[in-house]
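Which chain is which? They are A, B, C, D, E and F, in the order written, and residues in each are numbered from 1.
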């Protein structure tokens, strides 16, 4: 089965569905990852002189994290970090359409549309548009994932709300997810930060206990065609 | 795969997921149908003297409709028609729990919880309770279906709203669904009634056109555990 | 009665309220149509060399479709197709305010604000702003209409959801609507595409069956002042 | 035009749409009022011995208030006050269906379904069921009204939320509404109670300022068929 | 400060706000607990012969748990377990009104109204009614709490949704909460059950990480008057 | 206690929480006001030649209004009026972050995110981002306020809806609020305009009657950490 994971920034793909990527890859799926923005340039400590070098490090980490999870490819869209609202939505949509055409995925996972982070909001809407279900399209399932630090911090003020209906048991893959997250050293944070290993474990156990398994990732079901 | 369809009244199971029952049965699933109320006794033209005979006719029609769709069994709960609000919810829940224990379904289809009809509302909540996802339970997917005359007539005033995310292509089974509906002669109505054949076809085409197939049934995804 | 129909792209006015336009015009209303974007320039097969000629064809079709429905005028706003998010919202609002001042409409119909298409979203918000109900304003009713291919494809992820409360019986005008749609040859699609004649008929019958008539168009009531 | 106003308790019809009743009656409509419960028996100061006398006083006030507003008839349903949840919903529905059959209303106004008061919730659902729009029915518009002390005190915790879209200008009829409310002496309260004259004036001015008139009543549009 | 915690069943008060009770009591508040139903009689293993003895055990546990948390009193309402839908809502409301009059609380904590469990739903609505904010009332803050096994299992199908806005830091009191829960031996479950110690810890850490503390309980703010 | 009030345009801070500012200042809090846009340049009667002079007048009024309410400082962000959608969201967020760092507020009041006015929407999201609750942050409460002419005119079409849960009694400060509003002469309007003194009084009485006080301002509780 071909699977496409779309993320706004490097590490979102791990935080949102790292366990599910690891599980689907382990079960034989071909998982591709598309990271739209570069995840770096808007940071306060960003030095334009060292831009190329830093970006290279960031991208290399995304490649290593993807490899650890078992993904087949990690592609970068090159959109401006934390400034995707300055790009016409149509351009983001077309970048995703290109990857859809290349990968022909059956399942697509994307950012949650109600996150606080505007790049996530834009990624969600662009994915919705790029995967609209016309006759003959490959995409049969579209799901959105949470990213603790952005999904929780919207405090349910924006639509869609994160009301997950689809759960993947990641009991066997939680530690791989956390290991992949640790590759993004510059992003790792201490508990109680939502991106700390302890917070990731608490979230996975919480969702797990909701559906009777030891660890789970949760997704909103946008659309499923059987 | 074991599948359980739960309906408040005879004909709801056909209106809501007759095409999907036919398709799943044709593809090899074992489909059981549980009809909670008798679908008759509150009608204005109901004559208590002929009660037993009329009920027998009604039940026999449900059996014939189920058979036409390919279901393995049709069971009746015996709750009072249009008066399930006079029964403690716990009793309805326990009736469903019994059938779950017997059938061990992987997928469950039930009435939509935001319908105008109170028996549907009660059926939904009781199903939610009977299928709560504790470790070791058989139910991996829970979906709710629409019934035109009751779902549409709530005019989105009640929660949950019918915002379907899961679609089954029933292009090959739409006519079987309509034939099954015609077995319930006493219920068939002329267009523009939502239970008329023409209205059923229009609904199936509408949902089909939404997801790129010729005819579809639409469901809300309550919960899916992978 | 003066009526103003506001559309983002040519053909939205027909898909959304072609039957209602035809009916209101037949009943004596003066219907004006304002089309904000040109509906052409973002298409993949767009050739800038032939731009002027193609746009002329497109606009001429809009005029013919409007005439067939009985509209008095079709005006174009000239905003960039599929890129209205690159224009300050204030400019779109002012364009609509100008048309409101000219037409002095009692009823206004506009795109649905929860559509997948961003130009529709922008059109809705700009119309809301341009028609804000200050003392002495002409607008007494504001309604939003659906466009199958964009309203359905939002899969209820965006607010406002399309929960229509207002229905116009278009039983006598459905075929005129479909004929108007066929003028936009470049846009017509085969079933199951939501813009195909069969899908338009299925949608009109579906809404009709919901409210007891043979064919209907459905609208969200944004505001009504009696 | 025939208009039917449905209330759970005596005084709800005045609080919710007294100004609109007065205006529609003044403009020539025939307005009927159906009051489902008796509005008295659950009060702490209720003395069963004097039941009949007290009820007679209460009903007589409802008649006088209705007359002042210009209503043609005030009918009582006789359901138990604050205990309509002990009656099967079907019985409430059938009581309303009887009045609909008698009055043949074009417009129906009913309690808001998201009120804190359960009798209001039940009245709303029963009205929805009794007026379901089958072909040939008389009801073309169904609206729900607010009752300050119950609608506000739900603090938007229940669905449907009171999001009014339909406003009636009652600038000429606000004082008649307040006079009708004063007939229900036992219910009148001092500001800041939501049923005090000053609170009623503040609410009417607030809604008026929202839509550019001096005083208004606000309604949710449940359904309108044109 | 006087605080009243209202629970449908024994253990809900601990699961929902045990840490907050412990913290408020430690900080000097007088905390009263009202448990409406007995929490026992609908269980499958319930033996009517031993009813009195079992109930006594259950109540005694509630007293011990309350004492451990630092509550001043634990009162029982005596309503039928899992069958509060068979009691008129007015009776539940009056029971709560009595306790409000006795305790004169400034803060009230109650079950969440969108839980799957009907007793919780009823408790919420009755609390809303009993605490309606009339001039001179003591209640300044009303909050609803979650109970993992019932709040999570509604899968956001019912209103109100659990969208918490108010968080109490319980870092110093989490272990007291878990110890109180262990007093209810008959209710304790193994992970991944939502009532297991590990699931309670995961939930507290999850909410904590959301607001930057080590452990938190989350509440919906129904109403706050400053 | 340090309090920060964030407004998109001069006068929003008065309309939304003028009474609460006056009360908190009178009770000893240090209140700072940040006004992001200039509130002038998009008006039709704006003359670029007199820009500097007009802006100076406008800012001077904001200073006088703030002083009357008892605020300690009024700072201007300098963003373009009615065109904040042309600025990257990140820049607005950073401006607010700077003020948060300077003021170290415990409570923050900001525009409502569901307003019709896009500058308000942007202000809300930027405030949410600037105050995200990481460990050690100063902000313990975040609330959004309504502005009649913009909040009401969204007619509940946008999320978040204005469902206030937090009320401040401003009975002693309503007239100060209205006096502060009258300083903004160019903005004052005659009733029924929502910014007229009579409309402001009606709104304050309406909210007051909802919670049992003579006058109140209403707020949505976005987040509260205890």
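Simple rule for what comes next: contacts are C-beta pairs under 8 Å (C-beta built on N, C-alpha and C of every residue); 3 or more make two chains touch, one makes a residue touch a chain.
The shown structure was predicted, so the numbers you read here are calculated from the model rather than taken from an experiment.
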Shared chain contacts [chain B and chain C, defined touch]: A, D
Chains in simultaneous contact with chain C and chain F: A, D
Superposition of chain A upon chain B: rotation angle, C-alpha, nearest 5 degrees: 180
Equivalent interface positions on chain C and chain D, same or different at half: same
Interface with more contacting C-beta pairs, comparing A-F to E-F: E-F
Interchain centroid distance [CA atoms averaged], chain A/chain C, Å: 36
Centre-of-Cα separation between chain E and chain C, whole angstrom: 51
Sites on chain E at which at least two other chains make contact: 133-135, 153, 155, 159, 165, 192-193, 210, 212-213, 222-223
Graph class of chain-chain contacts, one of line, ring, star, complete, other: other
Set of all touching chain pairs, with the criterion as stated earlier: A-B, A-C, A-E, A-F, B-C, B-D, B-E, C-D, C-F, D-E, D-F, E-F
Of all residues in chain D, those that touch chain F in their complex: 148, 152-153, 155-156, 161, 163, 165, 191-194, 196, 198-199, 201-203, 205-206, 208-210, 212-214
Partner chain C, residues of chain A touching it in the complex: 88-90, 113, 124-125, 128-129, 132-135, 159-160, 222-223
Chain A - residues contacting chain F, complex: 42, 82-83, 85-86, 116-118, 149, 153-155, 157-159, 192-193
Interfacial residue positions of chain B with respect to chain A in the complex: 133-137, 165-169, 210-213, 221-226
